Amino acid sequence: MAERYYEPGRLEAFSDGVFAIAITLLIIEIKVPHAGEVTAAGGLWPALWHLWPSYLAYLISFVTIGIMWANHHAISHYVRRVDRAYVLATIGLLMSVSFVPFTTAVLAEHLPHPESRTAATMFYGAWYVVVAIFFNVVWWAGIRGRRLLGKEVHEQGLQTISARYRMGPIGYLVSVGVALVNVWAALVVHASLATLFALSEREP
Amino acid sequence: MAERYYEPGRLEAFSDGVFAIAITLLIIEIKVPHAGEVTAAGGLWPALWHLWPSYLAYLISFVTIGIMWANHHAISHYVRRVDRAYVLATIGLLMSVSFVPFTTAVLAEHLPHPESRTAATMFYGAWYVVVAIFFNVVWWAGIRGRRLLGKEVHEQGLQTISARYRMGPIGYLVSVGVALVNVWAALVVHASLATLFALSEREP
Amino acid sequence: MAERYYEPGRLEAFSDGVFAIAITLLIIEIKVPHAGEVTAAGGLWPALWHLWPSYLAYLISFVTIGIMWANHHAISHYVRRVDRAYVLATIGLLMSVSFVPFTTAVLAEHLPHPESRTAATMFYGAWYVVVAIFFNVVWWAGIRGRRLLGKEVHEQGLQTISARYRMGPIGYLVSVGVALVNVWAALVVHASLATLFALSEREP
Amino acid sequence: MAERYYEPGRLEAFSDGVFAIAITLLIIEIKVPHAGEVTAAGGLWPALWHLWPSYLAYLISFVTIGIMWANHHAISHYVRRVDRAYVLATIGLLMSVSFVPFTTAVLAEHLPHPESRTAATMFYGAWYVVVAIFFNVVWWAGIRGRRLLGKEVHEQGLQTISARYRMGPIGYLVSVGVALVNVWAALVVHASLATLFALSEREP
């Protein structure tokens, strides 16, 4: 009873589709200021400005998922075939990524409210811990036993990436802790992690 | 007047797109707790916890559709060409899959309410019976007369898959019956069917 | 200043993406019955049954767009290169197809109301006239001067398809006229047109 | 520590996906007239007519993004490999394009209201300035140092495109200024820019 291998092409295309949809759905959580409220509130410009938490949450989530997509994309540089465990791990990762529009909307809704913004920021960061863990599970499913890898892959390259990916859950866990003290500092941690993962894509 | 055959590539890409969108749209049915309600209800954490039926329904539907996608993906291992009947059957399958975000939202809305959760769970399960029947129709449209199959396909492999797919409508029908007695047991049936189909992908 | 030609691959993929998203977005217009209303209205089953106009509109639109996709797909059997006019015509077609979730939601909302359902059904049908005209424009942009066609294409095959596509605007115009007399008869016209286009795909 | 290059295929597919979703999501911002309101307002036809600002905003945005997609598509005629900077610039472009359904909904909501339509049209135009700047950043990231270009690319062709793309931010800035004087004239500027970019795609 041999394990069956698939070409990874369709799984990649499906994953790219889910990433693309999740990232684009972020926008539908930003609510348009209605004409009635706007005249009461002193015009459209202040009403649009008032939505800054939504813009900020949109920006952080879009860039974070975009860079995750680019790094996920990098995995397929190494993983040349996929088996059932890899497919299931990827479905788990996609499930966690597709949930981000919800955590982003929670963050945007509660960021202006001092009494709930700490919880919202912790929830937002904690979910990225889950996403980052699924990222590691996909990577582990890809490299374990080296059966799914291309022949020319060097052990050292794998370890560099493994070390980098392991930073994900830890980094987002730090953001959760920082949010307990200061919400804005936690968002700086999110921006820093996105930057770090964007730059660290350099050397495989 | 000969029947025309197509390469299956674009139908696969279209199907993958619909699966990817249907699975990602599940999230927009989860409603963000508003700032006003939250302070009244004792904070954001209880309000987020209160959404557990939405999370549960999201999780079951995402994994179920994800595994259906992976199994649908497996069909194309056998079906090498597509004809009109196969295209129409696939449109029917996609129609049924795209409806799942609605049945999921019905389940999530009514799961906490004892007076309507039995009906919601039966409705949710009954729709998967429809999806599973369309799955069988696509498979039958693919294998009948063997005209669309690759030449190296063994009869035994086809029969193994046919038997496995036939379990789908029966399994979801069981979940509908179980829901009449106990809603939570019916959800365990759903989780079990997802697990079963995930594992049974092993041997073609 | 020579006209530039493109390979049609990316335009096809983009079109398939827009078709797939428009068809899947149909579901988000169906509103979930809330727990409060349901207990007042005698349970969930009658409330779910009460949504039959939404299900009917979803079914007709999904199948209609699905078959349009399949027929659009058939165009690329003939059109091997694309120029600017063809790209612009395709953007127009996609614009009209993406509007269908709105006309579908209008139909579903007003179908149960005798005072507005005639207008809703005429609006629904009239928009398909627009879609069908864009379909013809894309086809004309593809075959005019034969510059974008494969070399082996026979004149007779083109004329058969041209005649079939010309039936689209006429057929949907008939549905608009029929809606003036009887709404349900107009929906039967829609179902008949979908069936006709599904069957007529047979011979190129 | 060498810079890694990727094949552009997956980035293109991902970009096409985001463009396709953003363009299709425009429709969900158009709100269906409810049965109750409609009978009060003199029937469905006037209620549907009353939505003309939504149709106009939908039309302008769909065509604008559609033509942007076609031009973005043209970039890949030149850019044969992608590096990290190009990937990040593309994520920025996609972030700006995905935001357009929001600016479109703001325009549609406020166009009928004299007191807020100037601000809405300026906001709408100003965001396209941002989109057009990201477009230029992607182009610059693609051509700088010529390392990502195909070998047969002529310097003159690049300069023609650079000049054309530079017109984008300027043109949309003009639309913002015109909106200060007259909202409708600003929308004519938008239509003219779309036409201009559609036609200028001709010669590379």
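Should a chain be cited, it is by its letter among A, B, C and D, assigned in written order, with residues numbered from 1 in that chain.
Note that in this section a residue touches a chain if its C-beta (ideal position, glycine included) is under 8 Å from a C-beta of that chain, and two chains touch if they have at least 3 such contacts.
None of the values given here were measured: they were computed from a predicted structure.
Interface chain A/chain B: under half of the residue numbers present appear on both copies, so the contact uses mostly different residues.
In this assembly, C is the chain whose CA centroid lies farthest from the centroid of chain A. Averaged C-alpha coordinates give centres for chain C and chain D that are 25 Å from one another. In whole angstrom, the spacing between the mean C-alpha positions of chain B and chain D is 35.
Listed for chain C are residues 13, 17, 21, 25, 28, each touching two or more other chains. Every pair of chains meeting the touch criterion is listed here: A-B, A-D, B-C, C-D. Of all the residues in chain C, the ones that touch chain B in their complex are 12-13, 16-17, 19-21, 23-28, 30, 32-35, 38-39, 43-45, 48, 58-59, 62-63, 66-67, 69-70, 73, 76-77, 198, 201-204. Looking at the complex, you find that chain A touches chain B at residues 1, 3-4, 6, 10-11, 13-14, 17-18, 21-22, 25, 28-29, 84, 87-88, 91, 94-95, 98-99, 101-102, 105-106, 109-110, 112-113, 115-116, 119-120, 123.
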